[in-house]
Amino acid sequence: MSTTTTQVRARYAETDAQGIVHHASYLVWFEVARTDFLRRRGVSYRDLESAGWFLVVTHVDVTLRAAVVFDDLVTIDTVLEKCRGRGLVFSYRVTGENGCLLAEGRTRHLVIDKARRPASLPRSITDKMQMDLADNE
Amino acid sequence: MSTTTTQVRARYAETDAQGIVHHASYLVWFEVARTDFLRRRGVSYRDLESAGWFLVVTHVDVTLRAAVVFDDLVTIDTVLEKCRGRGLVFSYRVTGENGCLLAEGRTRHLVIDKARRPASLPRSITDKMQMDLADNE
Amino acid sequence: MSTTTTQVRARYAETDAQGIVHHASYLVWFEVARTDFLRRRGVSYRDLESAGWFLVVTHVDVTLRAAVVFDDLVTIDTVLEKCRGRGLVFSYRVTGENGCLLAEGRTRHLVIDKARRPASLPRSITDKMQMDLADNE
Amino acid sequence: MSTTTTQVRARYAETDAQGIVHHASYLVWFEVARTDFLRRRGVSYRDLESAGWFLVVTHVDVTLRAAVVFDDLVTIDTVLEKCRGRGLVFSYRVTGENGCLLAEGRTRHLVIDKARRPASLPRSITDKMQMDLADNE
(Lines give C-alpha, C1' and ligand atoms only; values in the text may rest on other atoms or scores of the structure.)
Protein backbone atom coordinates (compact mmCIF):
# COMPACT_ATOMS: atom_id res chain seq x y z
CA MET A 1 0.00 0.00 0.00
CA SER A 2 1.66 3.18 -1.16
CA THR A 3 1.27 6.51 0.57
CA THR A 4 0.88 10.00 -0.76
CA THR A 5 1.96 12.99 1.26
CA THR A 6 0.02 16.25 1.03
CA GLN A 7 0.72 19.48 2.85
CA VAL A 8 -1.96 21.86 4.05
CA ARG A 9 -1.55 25.14 5.90
CA ALA A 10 -4.23 25.85 8.54
CA ARG A 11 -6.43 28.75 7.41
CA TYR A 12 -7.78 31.36 9.79
CA ALA A 13 -11.35 30.51 8.75
CA GLU A 14 -10.68 26.92 9.83
CA THR A 15 -10.01 27.92 13.44
CA ASP A 16 -12.65 28.39 16.11
CA ALA A 17 -13.04 30.38 19.32
CA GLN A 18 -10.86 27.86 21.18
CA GLY A 19 -8.02 29.23 19.06
CA ILE A 20 -7.47 25.89 17.32
CA VAL A 21 -8.53 24.30 14.05
CA HIS A 22 -12.18 23.17 14.27
CA HIS A 23 -12.58 19.39 14.14
CA ALA A 24 -14.81 19.51 11.05
CA SER A 25 -11.89 21.00 9.09
CA TYR A 26 -10.00 17.71 9.26
CA LEU A 27 -12.61 16.13 7.00
CA VAL A 28 -12.01 18.89 4.47
CA TRP A 29 -8.25 18.28 4.69
CA PHE A 30 -8.78 14.53 4.23
CA GLU A 31 -10.75 15.34 1.08
CA VAL A 32 -7.94 17.54 -0.22
CA ALA A 33 -5.43 14.76 0.56
CA ARG A 34 -7.61 12.09 -1.07
CA THR A 35 -8.01 14.15 -4.25
CA ASP A 36 -4.26 14.65 -4.27
CA PHE A 37 -3.64 10.91 -3.75
CA LEU A 38 -5.77 10.14 -6.81
CA ARG A 39 -4.29 12.93 -8.94
CA ARG A 40 -0.74 11.64 -8.34
CA ARG A 41 -1.87 8.28 -9.71
CA GLY A 42 -3.36 9.84 -12.83
CA VAL A 43 -6.96 9.80 -11.63
CA SER A 44 -8.67 13.19 -11.64
CA TYR A 45 -11.68 13.05 -9.34
CA ARG A 46 -13.24 15.80 -11.44
CA ASP A 47 -12.94 13.66 -14.57
CA LEU A 48 -14.33 10.70 -12.63
CA GLU A 49 -17.49 12.70 -11.89
CA SER A 50 -17.68 13.95 -15.49
CA ALA A 51 -17.54 10.32 -16.60
CA GLY A 52 -20.47 9.55 -14.32
CA TRP A 53 -18.87 7.99 -11.22
CA PHE A 54 -19.29 9.63 -7.84
CA LEU A 55 -17.62 8.65 -4.58
CA VAL A 56 -20.15 9.09 -1.80
CA VAL A 57 -18.84 9.26 1.76
CA THR A 58 -20.55 6.59 3.90
CA HIS A 59 -18.39 6.70 7.02
CA VAL A 60 -15.78 8.95 8.58
CA ASP A 61 -13.88 8.83 11.81
CA VAL A 62 -11.21 11.13 13.18
CA THR A 63 -9.14 10.83 16.34
CA LEU A 64 -7.64 14.15 17.37
CA ARG A 65 -4.44 13.85 19.39
CA ALA A 66 -3.06 17.39 19.52
CA ALA A 67 -4.36 20.79 18.51
CA VAL A 68 -3.42 22.54 15.27
CA VAL A 69 -3.33 26.33 15.30
CA PHE A 70 -3.62 28.96 12.56
CA ASP A 71 -0.79 28.95 10.03
CA ASP A 72 0.56 25.54 11.09
CA LEU A 73 1.78 23.54 8.14
CA VAL A 74 0.55 19.98 8.53
CA THR A 75 1.44 16.86 6.56
CA ILE A 76 -1.22 14.33 5.62
CA ASP A 77 -0.15 10.80 4.68
CA THR A 78 -2.92 9.11 2.76
CA VAL A 79 -3.23 5.38 2.17
CA LEU A 80 -5.86 3.61 0.04
CA GLU A 81 -6.64 0.72 2.38
CA LYS A 82 -9.28 -1.02 0.29
CA CYS A 83 -10.07 -0.57 -3.34
CA ARG A 84 -12.86 -2.51 -4.94
CA GLY A 85 -14.96 -1.41 -7.86
CA ARG A 86 -17.92 -0.64 -5.59
CA GLY A 87 -16.21 0.93 -2.62
CA LEU A 88 -13.02 2.45 -1.26
CA VAL A 89 -11.47 2.99 2.16
CA PHE A 90 -8.83 5.64 2.74
CA SER A 91 -6.86 6.26 5.91
CA TYR A 92 -5.02 9.44 6.89
CA ARG A 93 -2.33 10.46 9.37
CA VAL A 94 -1.83 14.15 10.10
CA THR A 95 1.56 15.13 11.50
CA GLY A 96 3.11 18.43 12.52
CA GLU A 97 6.34 20.10 11.49
CA ASN A 98 8.29 18.16 14.13
CA GLY A 99 6.81 14.86 13.01
CA CYS A 100 4.42 14.41 15.95
CA LEU A 101 1.07 12.76 15.27
CA LEU A 102 -1.78 15.30 15.42
CA ALA A 103 -4.73 13.31 14.13
CA GLU A 104 -5.64 10.18 12.23
CA GLY A 105 -8.78 9.03 10.51
CA ARG A 106 -10.49 6.97 7.90
CA THR A 107 -13.16 7.55 5.26
CA ARG A 108 -15.33 4.95 3.50
CA HIS A 109 -16.82 5.58 0.08
CA LEU A 110 -19.40 3.96 -2.12
CA VAL A 111 -19.34 4.32 -5.90
CA ILE A 112 -22.60 5.57 -7.39
CA ASP A 113 -23.72 6.79 -10.79
CA LYS A 114 -25.54 9.96 -11.85
CA ALA A 115 -28.88 8.48 -10.84
CA ARG A 116 -27.36 7.80 -7.38
CA ARG A 117 -27.53 4.02 -7.88
CA PRO A 118 -24.62 1.77 -6.79
CA ALA A 119 -22.04 1.50 -9.56
CA SER A 120 -18.63 -0.02 -10.20
CA LEU A 121 -15.38 1.63 -11.18
CA PRO A 122 -13.70 -0.11 -14.13
CA ARG A 123 -10.49 -2.06 -13.52
CA SER A 124 -8.51 0.45 -15.58
CA ILE A 125 -9.24 3.07 -12.91
CA THR A 126 -8.91 0.93 -9.76
CA ASP A 127 -5.56 -0.35 -11.10
CA LYS A 128 -4.30 3.20 -11.42
CA MET A 129 -5.57 4.06 -7.93
CA GLN A 130 -3.56 1.19 -6.47
CA MET A 131 -0.39 2.11 -8.36
CA ASP A 132 2.66 1.93 -6.15
CA LEU A 133 4.54 5.19 -6.51
CA ALA A 134 8.26 4.81 -5.89
CA ASP A 135 8.39 8.12 -4.08
CA ASN A 136 6.13 11.03 -3.52
CA GLU A 137 5.95 12.30 -7.11
CA MET B 1 -40.78 47.04 0.31
CA SER B 2 -41.69 44.51 2.95
CA THR B 3 -39.19 42.98 5.33
CA THR B 4 -38.81 39.46 6.63
CA THR B 5 -37.16 38.81 9.96
CA THR B 6 -35.08 35.68 10.47
CA GLN B 7 -33.26 34.60 13.59
CA VAL B 8 -29.95 32.76 13.59
CA ARG B 9 -27.91 31.58 16.54
CA ALA B 10 -24.12 31.82 16.09
CA ARG B 11 -22.61 28.33 15.86
CA TYR B 12 -19.27 27.43 17.38
CA ALA B 13 -17.98 26.32 13.98
CA GLU B 14 -18.75 29.83 12.68
CA THR B 15 -16.33 31.47 15.12
CA ASP B 16 -12.61 31.90 14.55
CA ALA B 17 -9.50 32.25 16.69
CA GLN B 18 -10.36 35.91 17.40
CA GLY B 19 -13.25 34.49 19.42
CA ILE B 20 -15.85 36.09 17.16
CA VAL B 21 -17.96 34.97 14.21
CA HIS B 22 -15.82 34.81 11.05
CA HIS B 23 -16.82 37.40 8.45
CA ALA B 24 -17.54 34.75 5.78
CA SER B 25 -20.31 33.36 7.99
CA TYR B 26 -22.41 36.48 7.41
CA LEU B 27 -22.82 35.50 3.77
CA VAL B 28 -24.14 32.12 4.88
CA TRP B 29 -26.57 33.85 7.25
CA PHE B 30 -27.71 36.17 4.45
CA GLU B 31 -28.41 33.08 2.35
CA VAL B 32 -30.45 31.54 5.17
CA ALA B 33 -32.37 34.81 5.56
CA ARG B 34 -32.95 35.14 1.80
CA THR B 35 -34.29 31.58 1.56
CA ASP B 36 -36.57 32.35 4.49
CA PHE B 37 -37.73 35.62 2.87
CA LEU B 38 -38.76 33.69 -0.25
CA ARG B 39 -40.37 30.80 1.67
CA ARG B 40 -42.60 33.21 3.62
CA ARG B 41 -43.87 34.51 0.28
CA GLY B 42 -44.61 31.03 -1.01
CA VAL B 43 -41.49 30.69 -3.13
CA SER B 44 -39.37 27.65 -2.30
CA TYR B 45 -35.85 28.22 -3.62
CA ARG B 46 -35.48 24.44 -3.86
CA ASP B 47 -38.53 24.23 -6.11
CA LEU B 48 -37.19 27.15 -8.15
CA GLU B 49 -34.02 25.16 -8.89
CA SER B 50 -36.05 22.02 -9.64
CA ALA B 51 -38.05 24.07 -12.13
CA GLY B 52 -34.79 25.11 -13.81
CA TRP B 53 -34.13 28.61 -12.43
CA PHE B 54 -30.97 29.32 -10.47
CA LEU B 55 -30.06 32.51 -8.64
CA VAL B 56 -26.34 33.08 -9.11
CA VAL B 57 -24.62 35.50 -6.75
CA THR B 58 -22.85 38.22 -8.73
CA HIS B 59 -21.99 40.68 -5.98
CA VAL B 60 -21.86 40.76 -2.20
CA ASP B 61 -20.85 43.37 0.29
CA VAL B 62 -20.91 43.31 4.07
CA THR B 63 -20.10 46.07 6.55
CA LEU B 64 -19.32 44.71 10.00
CA ARG B 65 -20.04 47.15 12.83
CA ALA B 66 -19.73 45.03 15.98
CA ALA B 67 -18.57 41.50 16.73
CA VAL B 68 -20.92 38.56 17.21
CA VAL B 69 -19.79 35.81 19.56
CA PHE B 70 -20.73 32.14 19.91
CA ASP B 71 -24.33 31.48 20.93
CA ASP B 72 -25.49 35.05 20.24
CA LEU B 73 -28.96 35.12 18.78
CA VAL B 74 -29.01 37.61 15.92
CA THR B 75 -31.90 38.98 13.92
CA ILE B 76 -31.64 39.48 10.18
CA ASP B 77 -34.05 41.83 8.45
CA THR B 78 -34.17 41.09 4.75
CA VAL B 79 -35.53 43.38 2.07
CA LEU B 80 -35.89 42.62 -1.64
CA GLU B 81 -34.62 45.91 -3.05
CA LYS B 82 -34.94 45.12 -6.74
CA CYS B 83 -36.85 42.37 -8.40
CA ARG B 84 -36.78 41.97 -12.14
CA GLY B 85 -37.16 38.77 -14.06
CA ARG B 86 -33.43 38.67 -14.82
CA GLY B 87 -31.96 39.80 -11.55
CA LEU B 88 -32.58 40.48 -7.88
CA VAL B 89 -30.99 42.62 -5.18
CA PHE B 90 -31.46 41.82 -1.50
CA SER B 91 -30.29 43.86 1.47
CA TYR B 92 -29.82 42.68 5.04
CA ARG B 93 -29.49 44.24 8.48
CA VAL B 94 -28.15 42.12 11.34
CA THR B 95 -29.04 43.27 14.84
CA GLY B 96 -28.29 41.94 18.31
CA GLU B 97 -30.58 41.09 21.18
CA ASN B 98 -30.56 44.69 22.40
CA GLY B 99 -31.42 46.00 18.93
CA CYS B 100 -27.96 47.37 18.10
CA LEU B 101 -26.79 47.14 14.50
CA LEU B 102 -24.09 44.50 14.08
CA ALA B 103 -23.73 44.27 10.32
CA GLU B 104 -25.44 45.15 7.08
CA GLY B 105 -24.99 44.00 3.52
CA ARG B 106 -26.35 43.44 0.08
CA THR B 107 -26.31 40.61 -2.44
CA ARG B 108 -26.97 40.79 -6.19
CA HIS B 109 -28.23 37.82 -8.15
CA LEU B 110 -28.62 36.90 -11.78
CA VAL B 111 -31.20 34.39 -12.96
CA ILE B 112 -29.78 31.56 -15.07
CA ASP B 113 -31.09 28.26 -16.42
CA LYS B 114 -29.66 24.73 -16.19
CA ALA B 115 -27.27 25.42 -19.04
CA ARG B 116 -26.02 28.47 -17.07
CA ARG B 117 -27.45 30.92 -19.66
CA PRO B 118 -29.23 34.11 -18.55
CA ALA B 119 -32.91 33.41 -17.95
CA SER B 120 -36.00 35.22 -16.69
CA LEU B 121 -38.28 34.41 -13.79
CA PRO B 122 -41.96 34.45 -14.78
CA ARG B 123 -44.22 37.24 -13.45
CA SER B 124 -46.13 34.72 -11.33
CA ILE B 125 -42.99 34.19 -9.28
CA THR B 126 -41.66 37.76 -9.13
CA ASP B 127 -45.12 38.91 -8.06
CA LYS B 128 -45.06 36.49 -5.14
CA MET B 129 -41.54 37.58 -4.21
CA GLN B 130 -42.70 41.18 -3.96
CA MET B 131 -45.76 40.34 -1.90
CA ASP B 132 -46.23 42.74 0.96
CA LEU B 133 -46.69 40.72 4.13
CA ALA B 134 -48.76 42.52 6.73
CA ASP B 135 -46.57 41.22 9.50
CA ASN B 136 -43.81 38.73 9.90
CA GLU B 137 -45.82 35.57 9.22
CA MET C 1 -30.27 8.40 29.40
CA SER C 2 -32.52 11.19 28.25
CA THR C 3 -32.59 12.51 24.74
CA THR C 4 -32.87 16.01 23.37
CA THR C 5 -34.30 16.64 19.94
CA THR C 6 -32.97 19.49 17.80
CA GLN C 7 -34.08 20.51 14.35
CA VAL C 8 -31.79 21.88 11.68
CA ARG C 9 -32.63 22.94 8.15
CA ALA C 10 -29.93 22.17 5.55
CA ARG C 11 -28.33 25.39 4.31
CA TYR C 12 -27.29 25.93 0.71
CA ALA C 13 -23.70 26.61 1.82
CA GLU C 14 -23.68 23.17 3.45
CA THR C 15 -24.27 21.38 0.14
CA ASP C 16 -21.58 20.40 -2.32
CA ALA C 17 -21.33 19.76 -6.06
CA GLN C 18 -22.92 16.32 -5.62
CA GLY C 19 -26.09 18.25 -4.77
CA ILE C 20 -26.18 16.89 -1.22
CA VAL C 21 -25.07 18.10 2.20
CA HIS C 22 -21.28 17.75 2.55
CA HIS C 23 -20.26 15.16 5.14
CA ALA C 24 -18.28 17.70 7.22
CA SER C 25 -21.54 19.59 7.87
CA TYR C 26 -22.82 16.76 10.05
CA LEU C 27 -20.14 17.56 12.62
CA VAL C 28 -21.36 21.14 12.70
CA TRP C 29 -24.94 19.92 13.18
CA PHE C 30 -23.82 17.60 15.99
CA GLU C 31 -22.21 20.62 17.67
CA VAL C 32 -25.44 22.61 17.34
CA ALA C 33 -27.38 19.65 18.79
CA ARG C 34 -24.89 19.18 21.64
CA THR C 35 -25.06 22.85 22.59
CA ASP C 36 -28.84 22.59 22.55
CA PHE C 37 -28.76 19.43 24.68
CA LEU C 38 -26.75 21.26 27.33
CA ARG C 39 -28.83 24.47 27.14
CA ARG C 40 -32.07 22.52 27.77
CA ARG C 41 -30.45 21.19 30.97
CA GLY C 42 -29.45 24.66 32.14
CA VAL C 43 -25.83 24.43 31.05
CA SER C 44 -24.73 27.19 28.70
CA TYR C 45 -21.60 26.05 26.87
CA ARG C 46 -20.66 29.73 26.49
CA ASP C 47 -20.80 30.20 30.26
CA LEU C 48 -18.80 27.01 30.71
CA GLU C 49 -15.98 28.49 28.62
CA SER C 50 -16.24 31.83 30.45
CA ALA C 51 -15.84 29.90 33.70
CA GLY C 52 -12.68 28.31 32.34
CA TRP C 53 -13.81 24.85 31.17
CA PHE C 54 -13.44 23.84 27.54
CA LEU C 55 -14.71 20.70 25.89
CA VAL C 56 -12.11 19.58 23.35
CA VAL C 57 -13.19 17.11 20.68
CA THR C 58 -10.93 14.05 20.76
CA HIS C 59 -12.85 11.68 18.51
CA VAL C 60 -15.69 11.82 16.02
CA ASP C 61 -17.33 9.26 13.82
CA VAL C 62 -20.25 9.57 11.46
CA THR C 63 -22.03 6.90 9.45
CA LEU C 64 -24.02 8.37 6.57
CA ARG C 65 -26.99 6.26 5.47
CA ALA C 66 -28.93 8.51 3.11
CA ALA C 67 -28.30 11.87 1.51
CA VAL C 68 -29.74 15.14 2.80
CA VAL C 69 -30.46 17.87 0.28
CA PHE C 70 -30.80 21.64 0.53
CA ASP C 71 -33.74 22.86 2.60
CA ASP C 72 -34.43 19.43 4.18
CA LEU C 73 -35.48 19.74 7.78
CA VAL C 74 -33.65 17.09 9.79
CA THR C 75 -34.11 16.01 13.38
CA ILE C 76 -31.12 15.25 15.58
CA ASP C 77 -31.64 13.14 18.71
CA THR C 78 -28.74 13.64 21.09
CA VAL C 79 -27.84 11.38 24.00
CA LEU C 80 -25.11 11.95 26.58
CA GLU C 81 -23.70 8.43 26.71
CA LYS C 82 -20.94 9.02 29.25
CA CYS C 83 -20.46 11.90 31.61
CA ARG C 84 -17.52 12.03 33.90
CA GLY C 85 -15.83 15.12 35.20
CA ARG C 86 -12.90 14.66 32.81
CA GLY C 87 -14.64 13.54 29.67
CA LEU C 88 -17.95 13.21 27.85
CA VAL C 89 -19.34 11.05 25.05
CA PHE C 90 -22.36 12.15 23.03
CA SER C 91 -24.18 10.15 20.38
CA TYR C 92 -26.47 11.49 17.66
CA ARG C 93 -29.14 10.13 15.32
CA VAL C 94 -30.21 12.23 12.33
CA THR C 95 -33.61 11.44 10.86
CA GLY C 96 -35.63 12.88 8.01
CA GLU C 97 -39.15 14.24 7.88
CA ASN C 98 -40.56 10.75 7.35
CA GLY C 99 -38.62 9.36 10.28
CA CYS C 100 -36.02 7.46 8.25
CA LEU C 101 -32.48 7.29 9.62
CA LEU C 102 -30.11 9.50 7.63
CA ALA C 103 -26.94 9.42 9.73
CA GLU C 104 -25.64 8.58 13.16
CA GLY C 105 -22.47 9.41 14.99
CA ARG C 106 -20.61 9.94 18.20
CA THR C 107 -18.24 12.58 19.58
CA ARG C 108 -15.80 12.23 22.48
CA HIS C 109 -14.68 15.22 24.51
CA LEU C 110 -12.00 15.95 27.06
CA VAL C 111 -12.37 18.72 29.62
CA ILE C 112 -9.46 21.17 29.70
CA ASP C 113 -8.79 24.52 31.35
CA LYS C 114 -7.62 27.82 29.89
CA ALA C 115 -4.00 26.64 29.90
CA ARG C 116 -5.15 23.58 27.89
CA ARG C 117 -4.39 21.19 30.78
CA PRO C 118 -6.80 18.34 31.66
CA ALA C 119 -9.47 19.57 34.06
CA SER C 120 -12.61 18.31 35.76
CA LEU C 121 -16.15 19.60 35.62
CA PRO C 122 -17.71 20.02 39.08
CA ARG C 123 -20.51 17.65 40.14
CA SER C 124 -23.00 20.53 40.11
CA ILE C 125 -22.54 20.76 36.36
CA THR C 126 -22.31 17.06 35.47
CA ASP C 127 -25.46 16.47 37.52
CA LYS C 128 -27.32 19.05 35.47
CA MET C 129 -25.99 17.55 32.22
CA GLN C 130 -27.41 14.16 33.19
CA MET C 131 -30.78 15.56 34.17
CA ASP C 132 -33.62 13.46 32.85
CA LEU C 133 -36.05 15.75 31.10
CA ALA C 134 -39.62 14.51 31.17
CA ASP C 135 -40.20 15.68 27.66
CA ASN C 136 -38.40 17.76 25.10
CA GLU C 137 -38.65 21.13 26.85
CA MET D 1 1.87 49.24 -4.86
CA SER D 2 3.37 45.80 -5.19
CA THR D 3 1.35 42.67 -5.78
CA THR D 4 1.65 39.19 -4.39
CA THR D 5 0.35 36.23 -6.31
CA THR D 6 -1.13 33.25 -4.46
CA GLN D 7 -2.54 30.08 -5.95
CA VAL D 8 -5.47 28.18 -4.51
CA ARG D 9 -7.08 25.00 -5.78
CA ALA D 10 -10.88 24.85 -5.35
CA ARG D 11 -11.79 22.21 -2.76
CA TYR D 12 -14.82 19.97 -3.06
CA ALA D 13 -16.12 21.22 0.30
CA GLU D 14 -16.05 24.76 -1.14
CA THR D 15 -18.55 23.91 -3.88
CA ASP D 16 -22.31 23.97 -3.51
CA ALA D 17 -25.29 22.27 -5.12
CA GLN D 18 -25.02 24.59 -8.15
CA GLY D 19 -21.80 22.69 -8.90
CA ILE D 20 -19.66 25.82 -8.44
CA VAL D 21 -17.60 27.34 -5.65
CA HIS D 22 -19.89 28.95 -3.06
CA HIS D 23 -19.52 32.74 -2.90
CA ALA D 24 -18.54 32.71 0.79
CA SER D 25 -15.42 30.72 -0.11
CA TYR D 26 -13.93 33.72 -1.89
CA LEU D 27 -13.61 35.50 1.45
CA VAL D 28 -11.66 32.53 2.78
CA TRP D 29 -9.41 32.62 -0.30
CA PHE D 30 -8.87 36.36 0.16
CA GLU D 31 -7.79 35.64 3.73
CA VAL D 32 -5.33 32.99 2.54
CA ALA D 33 -3.97 35.43 -0.06
CA ARG D 34 -3.71 38.28 2.49
CA THR D 35 -1.80 36.08 4.94
CA ASP D 36 0.49 35.08 2.10
CA PHE D 37 0.98 38.72 1.06
CA LEU D 38 2.11 39.57 4.59
CA ARG D 39 4.30 36.47 4.98
CA ARG D 40 6.23 37.30 1.77
CA ARG D 41 7.02 40.69 3.31
CA GLY D 42 8.28 39.15 6.54
CA VAL D 43 5.12 39.78 8.53
CA SER D 44 3.60 36.66 10.08
CA TYR D 45 -0.03 37.36 10.91
CA ARG D 46 0.22 34.72 13.63
CA ASP D 47 3.11 36.59 15.25
CA LEU D 48 1.16 39.84 14.91
CA GLU D 49 -1.66 38.34 16.99
CA SER D 50 0.82 36.91 19.51
CA ALA D 51 2.26 40.39 19.85
CA GLY D 52 -1.24 41.71 20.61
CA TRP D 53 -2.39 43.24 17.29
CA PHE D 54 -5.48 41.89 15.58
CA LEU D 55 -6.80 42.84 12.16
CA VAL D 56 -10.57 42.93 12.37
CA VAL D 57 -12.52 42.81 9.12
CA THR D 58 -14.85 45.83 8.90
CA HIS D 59 -15.93 45.61 5.27
CA VAL D 60 -15.83 43.14 2.41
CA ASP D 61 -17.10 43.20 -1.12
CA VAL D 62 -16.80 40.66 -3.89
CA THR D 63 -17.89 40.86 -7.50
CA LEU D 64 -18.19 37.45 -9.11
CA ARG D 65 -17.72 37.44 -12.88
CA ALA D 66 -17.43 33.75 -13.79
CA ALA D 67 -17.94 30.50 -11.92
CA VAL D 68 -15.10 28.44 -10.48
CA VAL D 69 -15.58 24.67 -10.31
CA PHE D 70 -14.02 21.95 -8.18
CA ASP D 71 -10.30 21.40 -8.74
CA ASP D 72 -9.81 24.64 -10.67
CA LEU D 73 -6.50 26.26 -9.88
CA VAL D 74 -7.07 29.99 -9.42
CA THR D 75 -4.59 32.81 -9.03
CA ILE D 76 -5.19 35.61 -6.57
CA ASP D 77 -3.31 38.89 -7.00
CA THR D 78 -3.33 40.83 -3.77
CA VAL D 79 -2.55 44.53 -3.39
CA LEU D 80 -2.31 46.50 -0.16
CA GLU D 81 -4.21 49.61 -1.23
CA LYS D 82 -4.02 51.56 2.01
CA CYS D 83 -1.77 50.99 4.96
CA ARG D 84 -2.02 53.18 8.00
CA GLY D 85 -1.23 52.20 11.55
CA ARG D 86 -4.94 52.00 12.42
CA GLY D 87 -6.37 50.40 9.33
CA LEU D 88 -5.63 48.54 6.12
CA VAL D 89 -7.37 48.02 2.78
CA PHE D 90 -6.51 45.06 0.56
CA SER D 91 -7.81 44.37 -2.93
CA TYR D 92 -7.86 41.06 -4.76
CA ARG D 93 -8.22 39.84 -8.33
CA VAL D 94 -8.98 36.17 -8.96
CA THR D 95 -8.07 34.82 -12.39
CA GLY D 96 -8.35 31.41 -14.01
CA GLU D 97 -5.76 29.27 -15.74
CA ASN D 98 -6.31 31.08 -19.03
CA GLY D 99 -5.93 34.48 -17.37
CA CYS D 100 -9.60 35.45 -17.45
CA LEU D 101 -10.96 37.49 -14.55
CA LEU D 102 -13.21 35.38 -12.31
CA ALA D 103 -13.77 37.66 -9.34
CA GLU D 104 -12.46 40.75 -7.62
CA GLY D 105 -12.93 42.21 -4.20
CA ARG D 106 -11.72 44.33 -1.36
CA THR D 107 -11.44 43.95 2.41
CA ARG D 108 -11.07 46.70 5.02
CA HIS D 109 -9.46 46.06 8.38
CA LEU D 110 -9.16 47.87 11.66
CA VAL D 111 -6.27 47.27 14.05
CA ILE D 112 -7.32 46.39 17.58
CA ASP D 113 -5.56 45.13 20.70
CA LYS D 114 -6.36 42.15 22.96
CA ALA D 115 -9.01 44.14 24.79
CA ARG D 116 -10.62 44.84 21.37
CA ARG D 117 -9.82 48.58 21.57
CA PRO D 118 -8.53 50.46 18.50
CA ALA D 119 -4.75 50.18 18.28
CA SER D 120 -1.93 51.18 15.95
CA LEU D 121 0.63 49.04 14.18
CA PRO D 122 4.18 50.35 14.63
CA ARG D 123 6.00 51.87 11.64
CA SER D 124 8.47 48.96 11.62
CA ILE D 125 5.60 46.67 10.66
CA THR D 126 3.68 48.93 8.26
CA ASP D 127 6.98 49.64 6.46
CA LYS D 128 7.51 45.93 5.92
CA MET D 129 3.92 45.50 4.74
CA GLN D 130 4.47 48.15 2.08
CA MET D 131 7.75 46.68 0.91
CA ASP D 132 8.00 46.58 -2.86
CA LEU D 133 9.02 43.09 -3.89
CA ALA D 134 10.92 43.02 -7.15
CA ASP D 135 9.18 39.84 -8.18
CA ASN D 136 6.91 37.30 -6.64
CA GLU D 137 9.37 35.79 -4.14
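Chains: A, B, C and D, in written order; residue numbering restarts at 1 for each.
Assume a residue touches a chain if its C-beta (ideal position, glycine included) is under 8 Å from a C-beta of that chain, and two chains touch if they have at least 3 such contacts.
All figures in this text were calculated on a predicted structure; none of them were measured in a lab.
Of all chains, A has its CA centroid at the greatest distance from the CA centroid of chain B.
Contact count check for A-C and A-D (C-beta pairs in contact): higher for A-C.
Annotation: 33 Å between the Cα-based centres of chain C and chain D. Mean C-alpha positions place chain A and chain C at a centre distance of 25 Å.
Centroids of chain A and chain D (each the mean of its C-alpha atoms) stand 27 Å apart. Touching of two or more other chains is recorded for residues 12-13, 17, 24, 27-28, 49, 69-70 of chain B. The residues of chain D lying in touch with chain A in their complex are 11-13, 27-28, 31-32, 35, 44-46, 49, 69-71.
Those residues of chain C lying in contact with chain D across their complex are 12-13, 15-17, 19-20, 22, 24, 69-70.
Residues 17-18, 23-25, 27-28, 49, 54, 56-65, 67, 116 of chain D are the ones touching chain B in the complex.
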